[in-house]
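In what comes next, chain A is part of two complexes: it sits with chain B in the first one and with chain C in the second one.
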Partner chain A sequence: MVIALLVAYGTLVAPFATFRANRIVPGEAKSILAALPVSAGVVLLGLMVVAAAIILLKTPALLRLAAAAVSLGAIALFIGLTATYLTPPENTYARVSPASGFWVLLFAYALLAADSITRLRPRPGVRVLLLIATLAGATAILVSGLWDGLSILKEYAGRADVFWLEAGRHVALALGSLFASVVVGLPLGILCHRVEPLRAGVLNTLNLIQTIPSIALFGILIAPLGWIAVNVPGAAAIGIRGIGAAPAFVALFLYSLLPVVANTVVGLAGVPREANEAARGIGMTDRQRLFGIELPLAMPVILTGIRIVLVQNIGLATIAALIGGGGFGVFVFQGIGQTAMDLVLLGAVPTVVLAFAAAIVLDALIEMNTPSQNRGRTA
Partner chain B sequence: MIEIDGITKRYDGTAVVDNVTMTIAPRTVTVIVGTSGSGKTTLLRMINRLVEPSAGAIRLDGDDNRSMPGYELRRRIGYAIQGHGLFPHRTVAQNIATVPVLLGWDKARIDAKVAELLALFQLDPAIFAARFPHELSGGQQQRVGVARALAAEPKVLLMDEPFGALDPIIRAKAQADLLDIQKLLKTTIVLVTHDMDEAFHLADKIAVMDKGELVQYGTPAELVTNPATEFVQTLIGASERPFRLLSIETAGQAVEPGTADGQPVDAATSQRDVLSELLWTGRDALPVAAADGTLLGKVTLEGLARRAARPQ
Partner chain C sequence: MRAWLPSLLRAALLAFLLAFLVSPGWFEPLLKPLVQDNAPAIYNQGSLLTLTLLHLRTVAIATIAAIVIAVTLAILVTRPFGAEFLPLSRSLVNVGQTFPPVAVLALAVPALGFGEKPTLVALFLYGLLPIFENTLTGLTTLPPSVMEAARGAGMTDRQRLFKVEVPLAMPVILAGIRLSVVISLATATIGSTVAAKTLGEVIIAGLQSNNIAFVLQGGLIVGALAVLIYDGLSAIEAAMARRAGL
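For the complex of A and B:
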């Protein structure tokens, strides 16, 4: 119902695309009919009406999912068409970008898709396949050049090399700090579980770090890392400096530790007492018990911690650009500086897509590691 | 044979097991009873060194149980606990195979053992081997727990309130099965329980613990006829004494020559159950038949009454 309202609003009231003579002047909003050739506009309107009908009527989840997928595909295709239609030939300064109507429709259909997927309860593997299919669809449209007329891709075209460089740095920063926090946090969590007096102290310290705002933490780290770079031989050579990627990496690492350590401790504490008792009673060594019983049983909780960290790091890595750490944040902050919204989007959209994909993949992993739920569903 | 020799366990200076000495004969069932907190579990766990004693020694077939690392000792001693302690992320077959895998048995031998034990515990391997513990009933989980404890063919099986979580009907069945399996495998069983009926049903010998001390160690009949302390007397229950005596022996042991009317009772039925049947049917005698159906004689109300009376 709400979704149907959103569709109606996005289709009829809000503008579908914005046309601007160049990248920084205020734009001119265009409705669907104004933004597209008449025939295409009518087709799109018709499609939206059909989709709204499917949403309003009590239709099966599979049909709703199909409607969402087709509609998403349609608005993705037609927004590409608006760019070609609205841009005067041979004009490289003009910019066409999606307007609020497009975003509202995108949001509405994404919501519809998510809702019907939840109802269909696909198995974790299927969800990852759906994700891959969606990403493949988006990639296909990108490669086909259909969107090349859109402002965000014009921004991309101007800096394709830098984009992939920053993308690499973003992923390296987010995954690298995650990896480091798992390598350190998992053993630390196990230690906290086994040595009780340590637990409260470690968790409180990590909690404290978590409350420091990210910008402040970057600032705090500049001094000690700068000192290390100057005074420890070889440190500067491997990239340790007061500003740049090193403090960003350390800050993300510190933020990641709490979820990893805390979830390891909680996961291990949740292992049934009888299972531990029996493991000892039938002659497992402490090591065998840890790897054979405790860690596998704690794994869903530990993975939940890793999921939190990964999504959080992908988002936080944007801020690294502030201190020269690179990543998608570079475009966001450049864009803000130049009041070029399209450039901000060039940084923000990939970040959101990345975080979203990471969440889906890890959720699937977590579910595959939780035997009882898996089984219960198939049985 | 298990020789427990002056064993003591102190926590913060208080002895929770205090200088206990007892010898457990091989291939018997010994049941440890006592009130909550009397040290039963602690005593049991010192046998497989889940708890290290403060003083004293325990010898298994003459060897001190500290002559090898604790985990190796525990692989040779079966251990089953209340609430089964099955590993929730492993299948029934994997659970049972745990100790053989730790011992490095080859796969064919492990598979054969798992199949044998599942059959012994009346669990069809085709149905149950691949299930996870949460897909079993409580009684089935408990059987798998005991099967796992027996997988490496231990000579000794320690059980801590193994049937505590079962309903009375499943519990009686589990007790009968345990006795059958004990006779078949000739395992020495040491079992802790709160339930005196269970103790009298299963035990060759009963050890009574009170505040960390072993107050009496003897056959069930000795406990009834000759309780060492007031505490033992209370534990057995004064009004229960005649029935406890009858519950120790079977109908076969009370057979008198002659015949009687009615449905024959099995010779393996406890005398207590026969008495109950006699009272309920209003008869004063019932025929007794061996397992193969041949009539052995009769059991009479008068005969049972004589056996239930205090020995002179």
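For the complex of A and C:
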């Protein structure tokens, strides 16, 4: 019902698109009917009414999911049409951007989709397929050029090569630091599990690191890394410098350690005593027990830690731009500096999409690694 | 000896923090080696104490708002009439947690303009999730025997909620609040990129003028605040848990 209200608000009250004569002047809000050719506007309005009816009546989850998918596709297509319709021909300064109505509708249908997917409880593989289908749909619209008239893509068109460069850096920062923290954190976690006295000390230290705000940690690391670059031969050659990606990488790595180590410890501690006893009983060595019994049983908890780290890193990597580390944050902070909100969106939207995709894929992985008897509980 | 050592360390940290805030000049010699070319070693574009108080105020407002909304929502969806919304609110929480704070902040700017407002909104939204999730956990994992007993003693729904459920769930709720406060303390510094008055200002000024001393003092004040508040809330939580007999 809340969703239906949102749909109604998004359709009737809030403006669907904003038209601006150029990039930075305040825009002029347009409702659905004003933003589209009459026939298209009526079609979209009709569709929204049908969708709202499906939401209000107690319909099966599958139908709701279908309604959400169709509506999402429709608003995605129609916002593209809006851009071509509103922009005067041969005018390259005018900007058409989605307005609050579009975002509210997007949010409402995404919520509806998420809700019906939760109710349907699809298997993890199916969820990943749904994700791939959604991304493929968005890519298809992007490639077809339907969205080219929208302001975000106008910002993109001017910076296409920089965009992909920063995207690469963003992903490299987030994944690289994740990888490093798993390589270090997993053995450290196992060690903390085995050597009791070490545990509190290590975990408290890592906890302390988490309390330092990210921009400060990035900044603080500039000094030692700068010193290393100057004084350790060869360090500068492999890219260690005071500013840039190196401090960002180290900071993300330090933040990532706590979830990885803590979840490894918790996961290993949760291995049932009987499983260990039985393994010892059939004569498994310590090493065999670790790799054959303990780690596989602790895997869901460890993967949960990795999920937290990945989603967190994708978000934090935006801040790396403040110290010259690159990533999508470059666009966000440039946009804030120029009060050009389309530029902010160009940085923020891919970040959010990346974080979502990572969360969905890892959630599916976690579920696949959870022994079937507790699957009901984790869902 | 071990029992009082942590308290002593905390007291020392608190004293150190207060001394630094009230009279940063005393610590200038410590930070001096970090700066080059006679740049100022102590933040000189505003009082550190004022900024700290503004920082704390921002976090406090956002957190209190988040507590009120999150706890109310969690109570509503755990009542029989709200059960319909439970799966929906769960997915909402999951979705919200994947939103990076910078993105929230950046997206709030077009709607609210620069300054304190977008920061408050970002902190509020980001602070909602841990509290909501923990309140939900606290309210849905109460021992069934206790609930039966309360019903058996003839308590109304309302009495049960306020005299049994909420007090029993309180330690878990507090743990969520603690998490939320610590995240907010750190996230508030990012608010200074959109011109909010927080300790992030000191850090950003340091980054822009290549002054490590600024970055360090800004970061350490926030870190110290977070540790002290975290410990303080943990102590309250432990006391509550003891009173609830858990």
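Here, the second predicted complex is superposed on the first by the 372 of 379 C-alpha atoms of A that agree within 3 Å, B and C clash if a C-alpha of one lies under 4 Å from a C-alpha of the other, contacts with A are read in each partner's own complex, and residues count from 1 in each chain.
Convention: contacts are C-beta pairs under 8 Å (C-beta built on N, C-alpha and C of every residue); 3 or more make two chains touch, one makes a residue touch a chain.
In this text the structure is predicted, and so the values were computed from the model without any measurement.
S.K.: A:Ile220 in the overlay: touching chain B, chain C, both, or neither? Say first, second, both or neither.
M.R.: second
S.K.: Quick one: is A:Ser39 in contact with chain B, with chain C, with both, or with neither? Answer first, second, both or neither.
M.R.: After superposing on A, A:Ser39 lies clear of both chain B and chain C.
S.K.: Tell me which of chain B and chain C touches more residues of chain A.
M.R.: C
S.K.: Quick one: is A:Pro296 in contact with chain B, with chain C, with both, or with neither? Answer first, second, both or neither.
M.R.: first
S.K.: Where does A:Ala355 make contact in the superposed view: on chain B (first), on chain C (second), on both, or on neither?
M.R.: After superposing on A, A:Ala355 lies in contact with chain C but is clear of chain B.
S.K.: Using the superposition on chain A described above, determine whether A:Gly315 touches chain B (first), chain C (second), both, or neither.
M.R.: The answer is second: A:Gly315 touches chain C but not chain B.
S.K.: Output check: A:Glu277 vs chain B and chain C. Expected answer is one of first, second, both, neither. What do you get?
M.R.: first
S.K.: Within the complex, which stretch of chain A touches chain C?
M.R.: 2-3, 100, 110-111, 114-115, 117-119, 208, 210-220, 222-223, 311, 314-316, 318-319, 322-323, 329, 332-333, 335-336, 341, 344-345, 347-348, 351-352, 355-356, 358-359
S.K.: Would you tell me which residues of chain C are touching chain A in their complex?
M.R.: 34, 85, 87-88, 90-92, 94-95, 97-103, 106-107, 109-111, 182, 185-190, 193-194, 199-200, 203-204, 206-207, 212, 215-216, 218-220, 222-223, 226-227, 230
S.K.: Using the touch definition up top, name the residues of chain B that touch chain A in the complex.
M.R.: 48, 50, 71-76, 78-79, 81-89, 98-99, 102, 132, 134-135, 145, 148-149
S.K.: Which bits of chain A are touching chain B when the two form their complex?
M.R.: My answer: residues 272, 274-275, 277-285, 288, 293, 296-297, 371-372, 375, 379.
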